[in-house]
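In this document, chain identifiers A, B, C and D correspond to the written order of the chains, with residue numbering beginning at 1 in each.
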Amino acid sequence: MSALLEFLKTYMWPLIFALVIVGVLPLLAGYVVLMERKVMADMQARLGPMRVGPHGLLQPIADALKLLIKEDIIPENADKLVFWFAPVISVTAAMLAYSALAIGPFFQIAELNIGLLFIVAVSSMGIFGIILGGWASNSHYSLLGALRSTAQMISYETAAGLALVGGVLLAGTLSTQKIVLAQHGGTWFVFVAPIGFFLYLVASIAETNRAPFDLPEAESELVAGYMTEYSGFRWAVYFLAEYANMIVVASIATTLFLGGWLRPFGSIAALDFIDFFPPLSFLGVAGYCLYRTPKQPEPIQSIVMALFGGLCFLLATAMALPFVPAFAASKPGLHGAFWFLLKVSLYIYSFMWIRFTFPRFRFDQLMKLGWYFMIPLSIVNVLGLGLYKVLRQLQWSRWPAFLLTTGGTLLVAIWLVWLAQRKVAVPAPVGEMTEAEG
Amino acid sequence: MALDNELVRRCKARFGDKIREAWTDRKQAILVVDRASLAEIAVYCRDDESFDYLVDLTAVDWPKREQRFDVVLNLYSFKKNERLRLKVFLREGENCPSVTGVWGTANWLEREAFDMFGIIFEGHPNLKRILMPDEWQGHPLRKDYDILTQDTAWVRENLGIESGQ
Amino acid sequence: MADTRISGFPGVEQTVLGADEIILNMGPQHPSTHGVLRVKLRLDGERIVDSECIIGYLHRGVEKIAEHRSYTQFAPYVDRMDYVAAVSNGLGYCEAVEKLLGAEAPMRAKVVRTILTELQRISSHLLWLGTHAIDIGALTPLFYCLREREEILKIFEKYCGARLTTHAFRIGGLQYDTYDGFEAETKRFCLDFVHRVDEYEQLLTENRIWIARTKGVGVLSAADAIDMGATGPVLRGSGVKWDIRKAMPYAAYDKYDFEIPIGKNGDTYDRYLVRMEEMRQSNRICLQAIEDIPAGPIMGKVGKVLKPPVGEVYHSIEAPKGELGYYIVSDGTTQPYRVRIRPPSFINLEALDKMIKGHLVADVVAIIGTLDIVLGEVDR
Amino acid sequence: MTPEQFSQIAFYFFAGLAVLGAIGTVTARNVVHSAIFLITSLLATAGIFLTLGAQFVFAVQIILYVGGIMVLFIFVIMLVNLDVALHQLQFNRQRWVAGLLTLVLASQLGFAIWFARGEGSLDIPAGRTGTLSPQNVEQFGLALFEKYALPFEIASVLLLVALIGAVVMTKKRA
C-alpha cells in the first residue's frame, strides 16, 4: 500500500497532466476544426457553421456525437485486424508526443533529457497508422494514398528534422524546457534562424498532410486517400490524429523557434504591461459574449452564449490571479500556458491561411521540392547556424554574424530556386518523362 | 432542289456515279454518296476540299424506306467557313465503312450510332456500345423500338428491379 | 504472377521493379469527375499507361424523347442536358427550329437572347473556374465564383422564374419581356464583374503552384484538336481562332464588338486563360447589348401549332463548352422526326484519353476539369 | 513498488514483447503482418534501451529502425507482389539444417552464460539503471566526436559510399 502511495506521490502530476491531455485533446482538436471552418468561411465570404449553438460553438460536439453513432463499415476484403488497429496507432503516436511537450514551465508530463528527439521519434510512428490503414483497406485509392504518404513523410521528415537540428544547435540541448530557457533573455530562435523556421513551417505542413501538400488525402484525386474506406468512429480517430499532429508540430515550432511559453519582450521590464494582455483578452471575449447573449435567436443559444462568456470570465480571473500578491508564484504557469497556446494557435492559423490560398502540388513536384530544395537548403541551414555559433564564440557581435550566415543561406536558397527554375524552363516531353523518372 | 455548284461539280468530275444525289435544304449542301466509297470521298473532302472538321456523325432511321438508314456526316471547313453534309444510305444489315481513320472524332460518334441504331461500321477499332450498357439488347433510336421498350432482362439482372419505368 | 490481390486484373503486365500495373477505376462516383464519368486508368505507379472513358450513366434518351414530343414540348428537355448552361441549350434549339420553320425572331428578342446567353456563358465559366480550382486544390476561388454566379442566377430568376433549367426562350422569340430594372441590374452586375475577374486572376494566374500544375499539362495541338473535333475554349486554347459567334453569327452577335481569345500551347493553363478572357469578352458583349435593346415585339410570326415543312436542318451555336449543334429532321408533322444533338462536352471528352496518356493521376483531374464537361450533356 | 522493481517489470515486459514479436515475424504468413511484428519487436528493444537509461539510443532506435527502415520495408512490400508469399511454403525443406544451426547457436549462448555466471560481466546488478548520467546525450556526442571521431568519420564515409553505390546501381543507363 505504501509502495502504491509512494508511486502515486512520484507520478501524481504527470498522471494528472496525462489525463488532462487525453481528455482535453479531442475537444481541442474539435475546436481547431471549428476554428478552421470559421477561418475558411471568413476567407471565402461566408459564415461557416452557425446553427449548432451560437456561432456554431457546439458544432464540434455535435459532429463528434454524429461520428460516434454512425455505422461502422469495414470493407469485405479488408485486413480486419490491421484495419481496426491502424487509426489507433496514428492517434497513439500523436498523443504520446505530448508527453514531452512543455506547455508552460509546469505543465509537462515528463521532462526528458532527449525531449525533442523523443517527440520526433514518437510522432514519426504515426505514419504507420496511415500506411497500414491504407494497405488494410484493400482499395486502390487507399493504397495510392498510403504510398504517397510514405514517400512524402520520409522526404519531408528529413527536412523537418534537419530544420530542428538547426534550432537544437542554437539551444545546445534537446530538453524542451531548456530550449525555451535558452531563448529567455535573448532572442527567439526565429529571429536567429528565420530560414530554419521557414523550412520547418513548410516541412511541418507536409508532414501533417495539409494543403498544399495534402496529397495522401487529396480529395479531388484520391477521394480521401488512405481514409477512403474509413467511416464513423475510426474515421474520427484518424481525423483526431491529424489535428493532434498539427498541434504537435505547432508546439514543436513554438518551443524551438517562437520562444515557447515566454512572453513577447519578456526581458524588457518597461514592457511589463504586456502581462495584462492575457486577462484583458479573455475579459474582452467574455464581454463580447455577454453583449451578444440577448441577441441570440433561440433562448438555448443565449444560455450557451452566456455560459461561454462565463467560462471566458473565469479564465480571465485565472489569468488575473498572478496579480494578487499571494498567488504571484502562479504567474509563469498560467501566463506561460496562455502564451504558449496563443503561439500554437497563430502557427495553426498560418497553416489554415496557406491551405485556403494555394492549389495543391502534384506528387512529382512535391518530391522535387522536397529533395531538390528543402533538404539541400536545410543542410546548408544547419551549416550556417553552426557557423553562427562559432562566430559568436569568437566574440563576433550578433548582427554581423546573423547577416553573414542568414545571408549566405538565403543566397543558397535563391540559387536552388534558380536551378529549379532552369529545369522547369525545358520541360521534358511527356512520353520521355516516364523513362527518365521510372 | 438539285444542286449544281462548284463543289458538286468538282466532286462529280472526280467521283462520277459515286455521288448519288446532291441537293440543298435550307441553304445547306447535301451530298448522298455511295456506301462503298465513303472513306475515299471523306479523305478527298478532308484533304482537297479542306473539310477538316467532322462536326457530327449520326444516323436517321426510315423503316418504310428500302434503304432504311441514313448515316449523316456534318462537315465543316475552317478555311472556307462552310458546312457540307454527306449522307450514306444503308439497307438493313448493310455495313457502313468507318471514317475513324479520316477524323479522330468519328470514333465515339460511330460508337454512338452503333449503339443507338445498330449500324456496324466496318474498320472501327473498338465498336462497342457507348451510352447504353454493354449487354443491352436492342437499339433505342430505331423507330421500331418503342419509347417504353426496355431490356427487361437486363434491368432485372443488373438493377434488381422489375422495371425501369 | 500477373493476377494479384492488388491488381486483380488478368493480363496486367509486370514492370521492372516487379510491381504490377494497377487498374484504378476513377468514378462513376468520384469527387472530381464532374458527375458520373468513369475513367478506367491503367497505372504504372501513378503514371497513366492507358485509359478508357466509360460513359452513359446519365443517359436519359433525350433524342428518343424528342421524337415523341411536339417541337414546343421538347424545348424544356434541352435545358436538362448542359444543366449549368440551360439558356444556351435553349437558344440553340429555338434557333434551329426557327431555321427549320423559316421564321425569325424579332430584333428585341434576339438582343435579349444574346444578353441572357452571354450571362449564362459567364455563369458556366464561373462554375468551371471554381470546380477546376478545387480539382487542383485551391479551395477558395469556388466561393467567389459562386458569389458572382448567384447574381446572374438572380437575374434569370427575375426574368423567367427559374434559376437553373430556365427554359427562357420560346420558338419564335421570347415568352416574357424583360422585367423592370433588368437593364439596370444587368449593367450593375457587368460593371462590377470586370473587377471580379481580375480578383480571380490575382488568386491563380501568377500563382507558382497553379502554373506548375497547369502548364504543359494535357497538351492538345491545334491539328489534334481539329482532328478530335474539339470545340469551344478547348479548340481556342490550342490556338485555333474559331468561334461560331464570329464565323456564322446567330442571334444578335454580328452587332457587337468582341475579341476571340486564343492560347498558344494548347495546355491547361492556356485554356484557363482563354476562358478567363472569354468571361471578360462576354461581359463586354453584355455591356454593349444592354445599352441599346431595341423596342418592338418579342415574338415572331409562328403559329400556335408548329408544323415545319419536310426537310432537315443543322444549326449550331457557340455554347460555353463549344459547338452545340441541333440536327433536326422534319417529316412535316408536329413532332420532329429526328433530333440529333451534337453535344460539345461529349466530343471534347473524347480527347481525354489522348490528353492524359503519360500524365499522373493528379493531372487527370486537372485535364477533366479543363475540358469542362457536364455529364448531363455527355450522356444526354 | 521501488523504482528497481518497476524497471525490472518494464524489462521483462519489453523483453517478452521483443521475443513474441520476433516469433511473430517469422511465423506470420502475411508479409505485412510480419512487418508489424518486426516493428513491435524493434519497439520493445527500444523500450529495453529506455529501461537501461540509454535515452538517446532509444530515440535513435525508434527514429531510424521504426520510423525509417521499417517504413521503407512496408513501402517496398506494398509495391511488390503479396500473393506470392501467401502461396509459398512457410517453412521450406532446410528445416533440419536450420534446426541444427539453432541448436549450435543456442548451446554457444548457453555456455557463454554458464561460464560468465557470477563474474559480473553479464550480470546486470539491480539499481544500475539509474547510474547513467541524465546528460547522456552530451556524453554520447562528446564520445562520438572526440574519442571516436576517426571511426565515426570512417563509418560515415562508408555509408556515403554505399549510398552513392545504391544510386549508381539503380539509375538506368542512358
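The definition used in the following text is that a residue touches a chain if its C-beta (ideal position, glycine included) is under 8 Å from a C-beta of that chain, and two chains touch if they have at least 3 such contacts.
Treat the numbers as computed from the prediction; the structure is a model and nothing was measured.
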Pair of chains joined by the greatest number of C-beta pairs in contact: A-C
Furthest chain, CA centroid comparison against chain A: B
Gap in Å, rounded to a whole number, between the CA centres of chain D and chain A: 31
Between chain A and chain B, centroid-to-centroid distance (C-alpha), Å: 62
Cα-centroid distance, chain B relative to chain D, in whole angstrom: 71
Where chain A touches two or more other chains, by residue: 143, 438
Residues within chain C bordering two or more other chains: 5-6
Parts of chain A lying in touch with chain C, wherever the complex brings them together: 40, 43-46, 138, 140-141, 143-144, 148, 211-212, 214-215, 218-223, 355-365, 424, 427, 430-431, 433-434, 438
Residues on chain B engaged by chain C in the complex (per definition of touch): 25-26, 28, 52-56, 58, 60-61, 72, 74, 78, 81, 83, 85, 103-105, 107-109, 116, 129-133, 140-141, 143, 147
List of chain A residues in touch with chain D within their complex: 3-4, 6-7, 79, 82, 112-114, 117-118, 120-122, 124-125, 127-128, 131-132, 135, 143, 146-147, 150-151, 153-154, 157, 174, 435, 438
In the complex with chain A, residue positions of chain C that touch it: 5-6, 15-16, 22-25, 30-32, 44-47, 133-140, 142-144, 147, 203-204, 207, 209-210, 212-213, 215-216, 219, 357-365
Contacting residues of chain D [partner chain A, same complex]: 1-2, 6, 30, 32-33, 36, 39, 55-56, 58-60, 62-63, 66-68, 70-72, 74-75, 78-79, 134-137, 172
